[in-house]
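I've put the structures underneath this note.
Okay, so chain A shows up in both of these, paired with chain B first and chain C after.
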Partner chain A sequence: MMGPILLIILPFLGAFLLPIIYRHYNQAGYWAAPVVLVISLVICIGLWHGVNIVGPQSLVMGGVSAPLGIVFYVDALSILFVLVLLVGSLILWLGAWHRRIKEEMLLLLMVGGGSGLVLSGDLFNIYVFFEIVAVASYGLSASRRGDPCGYAASLRFLLLGSLGSAFILLGIAIIYALTGTLNLSHLAMLAPQALHGMAGLSAFALMLIGFAVKAELFPVNTWVAEVYAHAPVRISALLAGIVSKLAIIVVLRLLLLLYAHEQAYMLLLCIGVAGLITGELAAFYAKDLRRMLAYSSIGQLSVIAIAFSIPGTLGVVSGLALALHHALVKTGLFMLTEKWKGSISSLQGMAHSAKWPSVLLIIFALSLIGVPPLPGFWAKFLLFKAGFSAGGGYSYAMLLILLSIIIEAAYFFRVIHLLYQTPAASSTPLIPRNKELQPMLVISGLLLLVMLTIDPIYHHLSKIATQVVDVQAYIDHTLPAWKSTH
Partner chain B sequence: MNLLDLLLLLSLLTVVLMYFYGHRREAGWLGVAAYAIQLLVLIKLYSYMQSDRIIVAHLSFSVMEHILIWGMTGLGWFFAVISLGAALFASWYTAGEWQDTQKNMRLQHIVLSLNVFAMLILLCSQDFITLFIGWELVSWASFFMMTHSGGKAAKAAYRYLIYAMSGAVALFAALVLIMVKLGSTSFSVFWAALPTLPDSFLWLLVVLFFIGFSIKMAILPFHLWQADAYAETPGANASFLSAISARMGLFALALVLLQPVGIERLQHLMMPLFTFVDARTLLAWIAALTAIIPTYIALQQSDARLLLAWHGIGQGGLMLLGITVGTPLGVAGGLLHAFNYATYQGALFLAVTAVLHRTGTTDLDRLGGLITRMPWSYVVLLLGIIGLAGLPPMNGFVSKWLIYKSLLDQGMPLLLVAASISTLGTILSVYKLIHNIFLGQLRKAHYEVKEAPWSMVLPMLILAVIGFITGLMPGLALSLVDKAQMALGYDALPHHLGGLEWKTGSLNMLWVVGILIYGIAIGAVVFYLFGGRSHKTHQWDNYAGGHFLSAEVPYHYSHNFYPGVMRVIGGWFRHQTLNVEMGIRHFVQWSAELCCRLSQVAHPTLYMLMLAVAALAFVG
Partner chain C sequence: MSFRDISALGLLLGLGVLLITVLVHFPFSGSNLTGVGSSINALAAKEIGTANIVTSVLLAYRGLDTLGELMILFVAATAAGMVLAQSPEEDALSLQKLNSFPAAGFVLRVATHVLFPFLLLLGAYIIIHGHLTPGGGFQGGAILAAAFFIPVLTTPAGPFAHQTSSLVEGLAGSSFIIIGLLALFGQGSFLAPLGSPGVVGELFSAGSVPLLSAAIGIKVGSELAGLLARFIQA
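Entry: the complex of A and B
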């Protein structure tokens, strides 16, 4: 079965061939990238279906079996996030890319890299794919010329990101020095003895810092607001909504497989709590809609990190629910800001000329705050259930999240309040173009669909969570040869 | 499909109807018809409301291993009657001329129907999850109602939103804590576990529930948001909001915490540090203070709508006080007061809106002498304030009597004194209300003012008459209260048409009102038969201290009413709660600025280094 390889190869191939296709067949070039994505999506859905029926599968590359060879591991979690990545980038394709070849190429690279990132079964490949995603995102965030602020922001992003990658590499090196292997399942077997010491945990800390740059965790998230405020909205939506989730999923994998250790959980919890406080408060202060959304996504990702730091399936389920919900909603919210950038006060009274975008903003905001019966409520419900069940420090973290809900409501409804005021006399109506609304409509449709199917989704997520938490199954699948010895 | 399904469906259909036909002129009548039909269904449900029977709707979901069902008990039914009644009269009021002055009548119709629907959903909640869902629906629906007219109203509504979110968050926490601790979210499991819950956990729950529900009721210290928000809402909807919206808090508090088992448990729940005070006494005193302080704030208002809205908060305190007494008499008093209050407060708000409609202002310093121009509005306002002040022959007297009686029976004389102080404040300020609007000198500007049209007078008049009839024959309202009381688990009061027989003293309003009317009749006879000669004069034909006063000399004493009282109590109003609110706001603003500054750095890599050092130190 070649499915997982195709998921990675096809976008890469598309990216490399895109300039050639454009040169020779302009019209075909315009459709090439979406077609690649659609084919990937079909493969992905096929794999998803397969995983649901027969359970996780692993794929060995190059004829050398694990732990020496390259391993791809397809389980419900990884395939789910590949699906999210593909669907997300397809939805963002709706509307306009206007033959921006470079952006399309970089986006395909990002899709391929992202798929590889979640599917990889060894640390080295994770690092490689992470770098690909990172480089693509630096390129994307600086892809529009003529905006010096955007350039400066992406340069800062680049500096921070590459330093983060260096930290990841350092962490991987430490692990390799300690254990002599980089295969995740092999490491999972060795972890309790080899990695739960000081050196092993410091490797986790270093890797966490590296991934935290992409996952917008405190305090290496200072790039977020600037980059999102100046990058094209689609890029902001993609980075905030989806790419950040991939990074945090990798952290979850590492945490579950290698570092099911109290200190690792606590470290993630502390970082999450600090990010929650600073992110939400900064969003409260922000005077610009895009920056507000950016800070809000810092806060939300911190909440997801807190959820993942709760040991056990409950924490994983709630984290997954929050991640998926945030991927939907934040993508939608960013798509709103194509026209609505700059100071919030310039939005006064815009609801009168742009009725539907305002209504969509309200729906997304309500769901993000967590108002029943919208999906956001159920995600938060799961989170609090997990957090209060875990007790101890987690209860205080939950308390902070509860307080942050009030602040979220305050800053979102300050904007909405402004939208529905009488327009200022001198203002020109900023009506988002219909083309920009298409992705948003799709996303809000998805949101309502999720609302109606909460129960099946919850059961599916619980299934995923139990699968992910089961380390032994992971080892058995990827190292079948070693099954007998253990 | 049973009657409850029908009710919910009809309510939802009303929302749809208003969405499509709300812009029509006859939408108000459509609303009247829709609410009347729903009310009929409710009346039909009356016979189903036995003490422990629940009529369950077929609306049901299974979510995350919880099965959500909605069903109605007597308590929900009682509040549903009030909400539908209030909606009916509010809709009627908008059916005529008044709608021409409104620029967004369609929205007003939609939000009204939405509020009714949300309330019905809340009133049918059967476990903590459905309660929370209903609670959120009601909160957002009333936010919508307050905010849609924009401007000042939207500002007040935004403040409400922050308060409501705080309440919702507290409720959310309580819901999850109960689920984690007891493994179930159903009410009955919670009540069964209540006697054995550890004190610390129960205190946490009591505080969380109190925050959650009392924010809606604007109980002290969360009272700041309500008056502005209600007063700025357009008239008809304001009457609906103030008549019933805040009572949802009372419903939820009674449902969750103030059943007999709850009261019993709260009496044994001693405060930490102050072990001579138990939770119920604390709650009763908070309720009493809520009855007093907002009432005296109302006394200071110079706007009729604000004055009424502040009174609403105070009356809510009285209702809570009645229910926390926890005897059949007290609970009946509290619930009956909710019903009675809805009738006269609805009438009062509508009457004040009629004045606003005709004169363009509700500023108490700019009105006066309207009695000759708007006699019917005057009658409504008079009946309304008699009810608000709790004097016979209106229904407010009966419920206050029940509450006072229960306080006496339970040996709580100090609370009785507190309640009387509140009533004193009410009497003072309602006199100010009627005097400044209707009595005294007519302003020159209002010389041409006409009575409000019948489409407006009739609904408010009927509300006031209902207030009178249920005052004359409280048995009518008490038979509604019975259902709610039995659903809560208290014995029904032995009542008859005119009042009730009670071992420590009975009340028969037929007699009370009869004697009152008899006394007035004798006075009238004496006045008309044996009085001296009289001649009618013009309203402006006045003398003061021997000086002739013409229309050019304004002498209607309205500004700075009760300076003596204010001098005495003025020192007590130092905006303590407001200062706390401002303090929190500034703290959040300040820390938000700090966090925003923190993330705007030129050298983000420095942070990374700091994190690396800290994280390595943490794991090391």
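Entry: the complex of A and C
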């Protein structure tokens, strides 16, 4: 089995060769990057089938088995999120297409790094891939030329992100010092004795802060609104919709494998609750459409963090459902703001001149709020089921989420209300061109498809969740009988 | 005190508490070590054939991490190149500015030419001895970059072949991946050591490790030189 490594290597190779191909065969360069992504997608779908039939697989790198070498763990969860990453970047590539070599290279590198991030079964390897994704996202967020605010925003993003990466590295160093290994399954074996003390939990807190920068969790999400308001809209959609999910999946893996401990769950719950309150209130008071979406994305990711902090399969299922739903809907919402940036009040009466975009905005917003029968309702329903059955502090968190849904509904209905008022006399209609609507149409099509197939999707997600929660299977697959020779 | 100051203070206090917790509870005795490191120390010379154990970890046991580091450098250079890239008018303007810089004096210019072959030699030496002595691709690559960058410092208006440097960069980077892929198709595992370990301590030993070192060195050298030249011209 060599599929998983190709998922990482092909985009990297593509990024190296792209400038050379462009220089000699301009037309081939135009198609090179999408072709790489499509090939990766085909491989990924093949792996998806394979994993569904034979179950999780491990893949040894460098010919040295774990824990001395690096091992990849290919299970339904990691393949699912590689699939989301690939489909997402292909959808964002539809419609407008610019011949900007460097941006294409950065996007390819981000795809390769993101695939490695979720597939890798080694703590330091995860850090390396996280850095690739992080640096690529700093670059992409500054890719709009001649926008001083955008440069300032991405510089602050870079500073905060570097601080976060330093924290991750510190956390990994502490874990290595405590245990002497970096392999996740080896660590999972040692975790109950070695990592559940105060030093080990502090290492988790440090790593959580670091990954939280990309996962938009409290308190390191201050970059979010500024960057999403100024970055090119496709990049905002990619970062908010997909990259943030990859980071939170890594947090989930660490939590389940290394820190299945009450205090670690509580820490994630507290961070989630704090992020939910601040994010939704900031979204309510936001005056700018993109900033509102950015703050709402902070709130949604905090909800996902709360879902993952519920121990057991139910929490994981609801978190996965929320993450997938948010990946679809927030990507679509951000893509709609291509022409609609700036103050919300400039949208007054826009529905009369731009019918379809308004309808799409309403569908996405309703699904995000969680109005039945749209998929968002089912995701939140699963969350409440998990949260209330867990009881204790989780019940209060669920009440808070109910409250946040009301706030969410308030600010989205305010926008929708504005859309259907009579247009202001002085306004010029900002109608997205039909070509720009293609990605949104694909996304809303996917949303409707999900709505019709809720039941099989739910069964699949619960299968994934039982697989993810099974730590012993992870250890058995990735760590062969190993004896140290010291 | 504004709200911003208070929240910053709270954040700092929290971090301080976290770091002090680590210091207080950290077992400095290291009794929990699992022996992964000592196993590598014992096995590296036999399995990989490198006299320098660090290189065996970098290029064999954790070769994928090194590929990742290479990619991080590449991403950073690409992103910086993108941000610093200029439109043709801006380019002409900055060329004018560069032309107004006088070239360095006679001594510096001649010294650059004299230094150039020695820097190349030193860089190449450090790269190809990466599996024997401390050093290797990244360090040697930085010296190679210096060899090509010092002429740009002494004569800023002189030409720098960005096209060639990016061509070399792309090809060297892909050759690292291609060596890895050869191992994948030959040995069934990405970046598995190819060839026999040979006699430890000889120049031609350690299988494909020196080739990987060379790919890294050329890649890093052309990348850093290109990036630094970009900084001067922007």
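Keep in mind that, in the parts below, the second predicted complex is superposed on the first by the 481 of 486 C-alpha atoms of A that agree within 3 Å, B and C clash if a C-alpha of one lies under 4 Å from a C-alpha of the other, contacts with A are read in each partner's own complex, and residues count from 1 in each chain.
The criterion applied here is as follows: a contact is a pair of C-beta atoms (placed from the backbone, for glycine too) under 8 Å apart; a residue touches a chain by one contact, two chains touch by 3 or more.
Note that the structure is predicted; figures quoted are calculated from it, not measured.
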A:L446 touches, of chain B and chain C: first, second, both or neither? neither
Partner chain in contact with A:A205 - chain B first, chain C second, else both or neither: both
Partner chain(s) touched by A:V471 [first = chain B, second = chain C, both, neither]: neither
Touched partner set for A:P373, first chain B, second chain C, both or neither: first
A:P219 touches, of chain B and chain C: first, second, both or neither? both
First (chain B), second (chain C), both or neither touched by A:L160: first
Which of chain B and chain C A:L169 touches, first, second, both or neither: neither
Intersection of chain A interface sets (partners chain B, chain C): 198, 202, 205-206, 219
Chain B residues touching chain A - in the complex, by the definition given at the top: 61-64, 132-133, 136-137, 140, 147, 150-151, 154, 158, 161-162, 165-166, 168-170, 172-173, 176-177, 179-180, 588-589, 591-596, 598-601, 604-605, 607-608, 610-612, 615-616, 618-620
Chain C-facing residues of chain A, complex: 2, 5, 9, 12-13, 15-20, 23, 60-64, 67-70, 102-103, 105-106, 109, 112-113, 116, 124-125, 128-129, 131-132, 135-136, 138-140, 142-143, 151, 174, 177-183, 186, 190, 193-194, 197-199, 202-203, 205-206, 219, 484-486
Contact footprint of chain B on chain A as seen in their complex: 156, 159-160, 163-164, 167, 198, 201-202, 204-206, 208-209, 212-213, 218-225, 263-264, 266-267, 270-271, 277-279, 281-282, 284-286, 295, 366, 369-373, 377-378, 380-382, 384-385, 388-389, 398-399, 402-403, 405-407, 409-410, 413-414, 417, 420-422, 454-455, 458
Residues of chain C that touch chain A when the two form their complex: 7, 11, 18-19, 21-22, 24-27, 30, 32-40, 42-43, 47, 60-65, 67-69, 71-72, 74-76, 78-83, 85, 163, 166-167, 169-171, 173-174, 177, 180-181, 183-184, 187-193
